[in-house]
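Heads up, the next two complexes both have chain A, just with different partners, chain B and then chain C.
Now for the complex of A and B:
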């Protein structure tokens, strides 16, 4: 049924989920850590508190999901931007490798960093 | 407001010149005149050789799609006074080969429409003696929005993907497929999915959304395509998780 492009629906699901994740989580995180805490609008949590939160397996899992799916969102969008924006569809295979490969690499890096959290 | 407006109308007459040129016409501009009235005025009183398509002049037939100041519009639903003091540029629809002046070749669009089987598909037709296929108002509402399409091709003209890749099946065809899929009397969704889940189908779309913006009937083809993608992706996951059930 999906003989020609078997993986396209999966990539789109990642893209779609990543878009939702990025839109939901990043504005909140950026607002808190980029604006509200530095400007003193809200009392920032201390280091030990944050570390304890991040150390929880559930937090790590959620953070990994947010990072990975957002990267796949980027990969899919960037791939089509290169295809259509720069009209270099003939470089199809290299573009796919760079975009989705980048997302996989980023996911592995995020997993490694989250694993290393004490 | 001035009572006259200038129309720069694209002219393409292959027997005379291979390039498109523009002719300027100064027209009266009563506030109730639409672009089509202007073109009819030109045709009747100024230059009878101007070619363009039109029929109903009330946004039903979908014949008079053209670019007005670069935007895909129905000439019968676009008021000249909105563009005062002008000038207004009128061109044939983008992304289609031009036959003459404002008339485009729509063969590609027509063949795409038939590819998605835009009719009610039944596995087994019930005999006439069993009566009609009944439908509740709720079931009608499911697909009614997508049935409003008048095949004016404005969405194809607005779609940058169709412009880049003419193989893309395009917004109106996908919305029309959705119109029949969502119809409670139809049983052809799986057949249509096979055609549309190919790369030239729904996956060609990158959700630019221009099709929905220019649609004069508020069909929302972009929404139809995204719904289709989700449906196709869910079926893909189902087939992956339960390979036997999907067969």
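Now for the complex of A and C:
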């Protein structure tokens, strides 16, 4: 049974790394862009400032890592939420394809978008 | 040994009590577990939101302004407030669980779990300060 899925420990590693990334980075980012700027509690950065931050190679690399690992975190955890919460383990082929396929697609999209930043 | 045993071509089914699909509504700790598991959906949403922002910024100043206007829309605002609650739930449960997943030995002694949890929260504070500094301070 175990030899059939040698990829499982790797998926768990990505899940774990993504959980750390989301826990470290998302509270501040979501608080600012999701709540504090829209409600006018704080002034959002002007365009040139934000572009300078985002276009720095280090920012792009960090954002790619954070986005990709967080998506694999979602994929792994959501897969088990569907298994346990809805008890639909018999659909595991399609659930795996949607979850991990979605994470791979999201990673490629993130890489493309961050590459395109001027 | 019984002589009147009846054999069937199929393996008998083990008895299993059926668990309701809504088993996690029965107890507060189960409900909290399922909420924690659902936080992953909001983690994925933050990634999407962040990438929409990156796409807007890499296009033009007008698109960035459109993103800011969009984020003020009541639906988006409610969604993001809800998402922040789930992200905080994720971060707190993750950091509190970390000492059980991570066993660190220094000089042959196991570091106490509270130290690992504290260092995780220190990491959160440090990363948040860097993000706030990068976005709010004009240099």
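Note that in this section the second predicted complex is superposed on the first by the 109 of 118 C-alpha atoms of A that agree within 3 Å, B and C clash if a C-alpha of one lies under 4 Å from a C-alpha of the other, contacts with A are read in each partner's own complex, and residues count from 1 in each chain.
Assume contacts are C-beta pairs under 8 Å (C-beta built on N, C-alpha and C of every residue); 3 or more make two chains touch, one makes a residue touch a chain.
Computed from a predicted structure; not experimentally measured.
A simple residue count on chain A separates chain B from chain C, and the partner touching more is C.
Contacts of A:58 after superposition: neither chain B nor chain C is touched. Once the two complexes are overlaid on the shared chain, A:12 sits against chain B while remaining clear of chain C. When both complexes are overlaid on chain A, the residue A:80 reaches chain B and chain C alike. Applying the stated contact rule after C-alpha superposition, one finds that A:49 touches chain C and leaves chain B untouched.
Residue contacts after overlaying the shared chain place A:116 against chain C, while chain B stays out of touching range. Of the two partner chains placed around the shared chain by superposition, chain C is the only one that A:32 touches, whereas chain B remains out of contact. Overlaid on A, the two complexes show chain B and chain C touching the same residues of chain A, namely 16, 80, 84, 87.
Residues 16, 18-20, 22-35, 37-39, 42-45, 47, 49-51, 53-55, 59, 63, 67, 70-71, 73-74, 77-78, 80-81, 84-87, 106, 109-110, 113-114, 116-118 of chain A are the ones touching chain C in the complex.
In the complex of the two chains, the chain C residues touching chain A come out as 19, 21, 24, 34, 37-41, 43-44, 46-51, 53-55, 57-58, 61, 64-65, 68, 71-72, 76-77, 80-81, 83-84, 87-88, 90-91, 94-95, 101, 120, 123-124, 127-128, 131-132, 134-136, 138. Residue ranges of chain B in contact with chain A, taken from their complex: 160-161, 164, 193-194, 197-199, 203, 206, 229-230, 232-233, 235-237, 239. Residues 1-2, 4-5, 8-10, 12-13, 16, 80, 84, 87 of chain A touch chain B in their complex.
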